[in-house]
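There are two complexes below, and they share chain A, which is joined by chain B in the first and by chain C in the second.
The block that comes next holds the complex of A and B.
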């Protein structure tokens, strides 16, 4: 019985973790090509959710069309952000670029509710409420769908980075000058990675919006995504999956046992503890690339 | 094929690093550009490949022509597509990619997958050693292997002009011989080469023409054989021992000051 309780917490946690991983994917995509920590991903996911809700609800588009168009809009939103804001920062210290992404996160957090209204919107993507019964375990249907979608999208991202285009993006993250010298259009490569981050944001926003409703709190996913990305190692797509599952399980299992004892509230500590411990013990994460030092 | 006319390069809008350099490389030629540290060799190559931009450098005067076309306003990737390849100082391979991925990264200008496969085989033909290290990350290759990879990567773009910035840097003499032999081979196969070197002896052996740059100015140029015989070159760049008489040094200093 106790074991079953644990398994149920772990299983649902793992699925939620995969949905975190999908947000974290946007951070990793950008880091893998430009070496910049993208701190705007939480707000991008929130904007993605708002856009799809807006297309589907006030504008009345069929859900599938709203999803497709929303994903496209977020792709161009990501590219536009790179083109209009980040490209001006070429030659500036990386910390300035990171601050710019953080500033954008804060700006979007405020402006999306201002534009569409602060009240929480419901977004129904047609996944039922009843849990799936697996033996004695109850599995949340929305989490299961979200986890599956996340795994598929992350798998696609992995394939992409091993394609010719993807190899070029990785080359850009290794050495921008050398990339120019062999004919890679560095600016465009980085723009594409932001566009892909926009797609990841749209998908994550839709899944999370359907689970918890659409409002500004979606952007708080940034903290969870950062925990996952840092634990996984910022530039490892595979790492994001493992770390996502780990964070998700910890976040579900620890409160499941400890909250009744201390009166709740441990859940939100997990992500921040993961960030801190990773930075202290293994700064490049579980699967992050090592700096190559040859003598 | 390549013609620099009175090119002047300024860094950060104030620092004049190259002061009116003119260089010619003919179709399929092999030209050496020699000079001491800080003379402006790398800067000259960057003016040709367009890589001054990320370093806040700028061509402020003169022209860079490639096959008759003024390329000064083209981006580095556009110049690559014209056939200008720049092998950077210090090799600069993509450390976290495998050798094979390093080659693939340099194929953005090619559409045809078969062509890419052929080019790869051709590169491995020149550098069979790279094929033995296919699954190692390039950062873990030896210095010589990295230099070979950097050259091989440049060959993937099918250059008409291959510019190399100190390919002998930090390599054992037998490796320098090996790499220079391959450069000769490439040149015989029709690739024009502009070779920047501090190792003047090796460079003058394979080049047909050479330029000597000092303080951002060309101070001597001509057939490689003639330069090799020049007493100043012998004294200061080929390091001939036993001829260090004071008079020659003073003569050279005077000459340098006059040229500056």
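The block that comes next holds the complex of A and C.
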């Protein structure tokens, strides 16, 4: 067990974890404002990746334009989803809302490949393949770029919550009725939070699409993002960063040591185990508010 | 019209509480049962083996899940994992030499025990958190089943279901397999039809509506939630075993992955939460609609009327499940059962529409 091996796994894991955190950001934003579980975030990220690929490759737009337009499209996609689907579900039992987002996840997972083709598409956003050599460690260049972008975006989201619009969102997440009473448009705030979730999904989709190619498997990010969101606390944006790094490190380090012993495949297990252990020990997560209703 | 209520008087409690007070309903049930019993003689082997048989098995599974989601109000996104446990353990017990009747009960019990572990999550958390923990458990069970050699023989392996006998008769051929599935389905259906009339069913309804209100009136929500998980997992395990023995006749881990769980949930939601007939209708729609649509689209594509690639065709089932779930939740949250109920209520008072019941 040499230390460099561990450090290399941990470093790459932390960067991957930050990219998970970007997907989880969409879940947290929506849960924070409306208390709705956004199980469609994985598919939203996939759609974001497909849209940017579609703009850049078949339509031939320059990459920066494709990214900007893709992010805008996903913003309005998120808002439209809230307006057309979720607003009709206000007052329905939580099972219904969860199933609606899950149904949307399946619908998108089926229709995006049907629309744009199921083969994996390569999306090159100008990050080289060469690993960066840091001492004895090899660090994946794409992960490094992804991690940096994720940190910047999550930082922007935290700044946004101090703006006027963001204060409204926080008020809505505290108490919807009281926000209504002081003249905040709750519907608008929830819509904006879905739009932001769309933006987070687009960015996550672009980053992940450039790492592993664009196809339906991007929607499998959902379970990792859920693990991050649950561990960090469903209503804590700062928690997403810490939990993302933690999940990423665990997910890289544990298979690095255990896979040779049990014959591989433990990577997929880490996210589920993190979710279950968090549920058993601290259901509200590391930084979440402790108001989970228990029987 | 034919549902006419005139002349139906309940003079005894037993008569008032019977399952189908209207004679036409009883006649319908009798006709359906007779058709189900005679189906092997009436239908060709193709229809029996590839439409009716899976429909009946999936209805059994949907009924089990509906007990949990519809009656007890707990969400469960890992039902396929429970079915996998039933299927694999039944196969292993039969292989060890025990008779099928005991093995299927053993498989059901093992599913129930492990399903109870899912249920313990429900004691601590609910709603969204319960959904996510059952989702995580689905992944966990999937992984264990496909990676532990002793259970599945490895992730790429297929485990053949051994030949088996029921009540001394060898089960071979579509007809015998169909009758085994039908028998299981009838038992589960009659259990669920009667659950609503027992104290158990009423307790589940109380827990579903508001668990602390249930606790105040003396219904222990912990106990009844666990009991609901136990019963529904038992049914799920048995349905999984029947699926493995009578329909697939061989199991691989992919037959019970997350998409199958979502398919089961789709059946319950599309059919209608807390409805027996809804579980049948939901299973039928979710199972058959993709097949029908595929056939239709393939026929159109062959005729050249609809240029469509293989890729689109292969994604139709997913689009359809998702679309059905979203569509029903938005436009008819109580599912096909509600549609049926509306029709029935309309004819109940026809032609006197103003006389709403």
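The rule we apply is simple: the second predicted complex is superposed on the first by the 290 of 295 C-alpha atoms of A that agree within 3 Å, B and C clash if a C-alpha of one lies under 4 Å from a C-alpha of the other, contacts with A are read in each partner's own complex, and residues count from 1 in each chain.
The rule we apply is simple: a contact is a pair of C-beta atoms (placed from the backbone, for glycine too) under 8 Å apart; a residue touches a chain by one contact, two chains touch by 3 or more.
What you see is a predicted model; the values in this text were computed from it and never measured.
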item	value
Partner chain(s) touched by A:167 [first = chain B, second = chain C, both, neither]	first
Chain B versus chain C as contact partner of A:80, first or second or both or neither	neither
Chain B versus chain C as contact partner of A:88, first or second or both or neither	second
Which superposed partner A:149 touches (first chain B, second chain C, both, neither)	neither
Which superposed partner A:254 touches (first chain B, second chain C, both, neither)	neither
Chain B versus chain C as contact partner of A:96, first or second or both or neither	second
Chain A residues touched by each partner, larger count belonging to chain B or chain C	C
Which superposed partner A:63 touches (first chain B, second chain C, both, neither)	neither
Chain B and chain C footprints on chain A, overlapping residues	292, 294
Touching residues on chain B, where the partner in the complex is chain A	49-51, 54, 56, 75-77, 80-81, 85-88, 92-97, 101-102, 104-109, 137, 139-140, 153-154, 156-157
Chain A to chain C touching residues, read off their complex	31, 37, 39, 85, 88-89, 92-96, 98-100, 102-111, 113-114, 117-118, 223, 226-227, 230, 234, 262-263, 265, 268-269, 271-273, 275-276, 279-280, 283, 292-295
Complex contact set, residues of chain A against chain B	90-91, 164, 167-168, 170-171, 173-185, 289, 292, 294
Interfacial residue positions of chain C with respect to chain A in the complex	69, 73, 75, 77, 121, 123-129, 131-133, 135-137, 139-140, 143, 147, 155, 211-212, 215, 221-222, 225, 262, 265-266, 269, 273, 311-312, 314-326, 329-330, 333
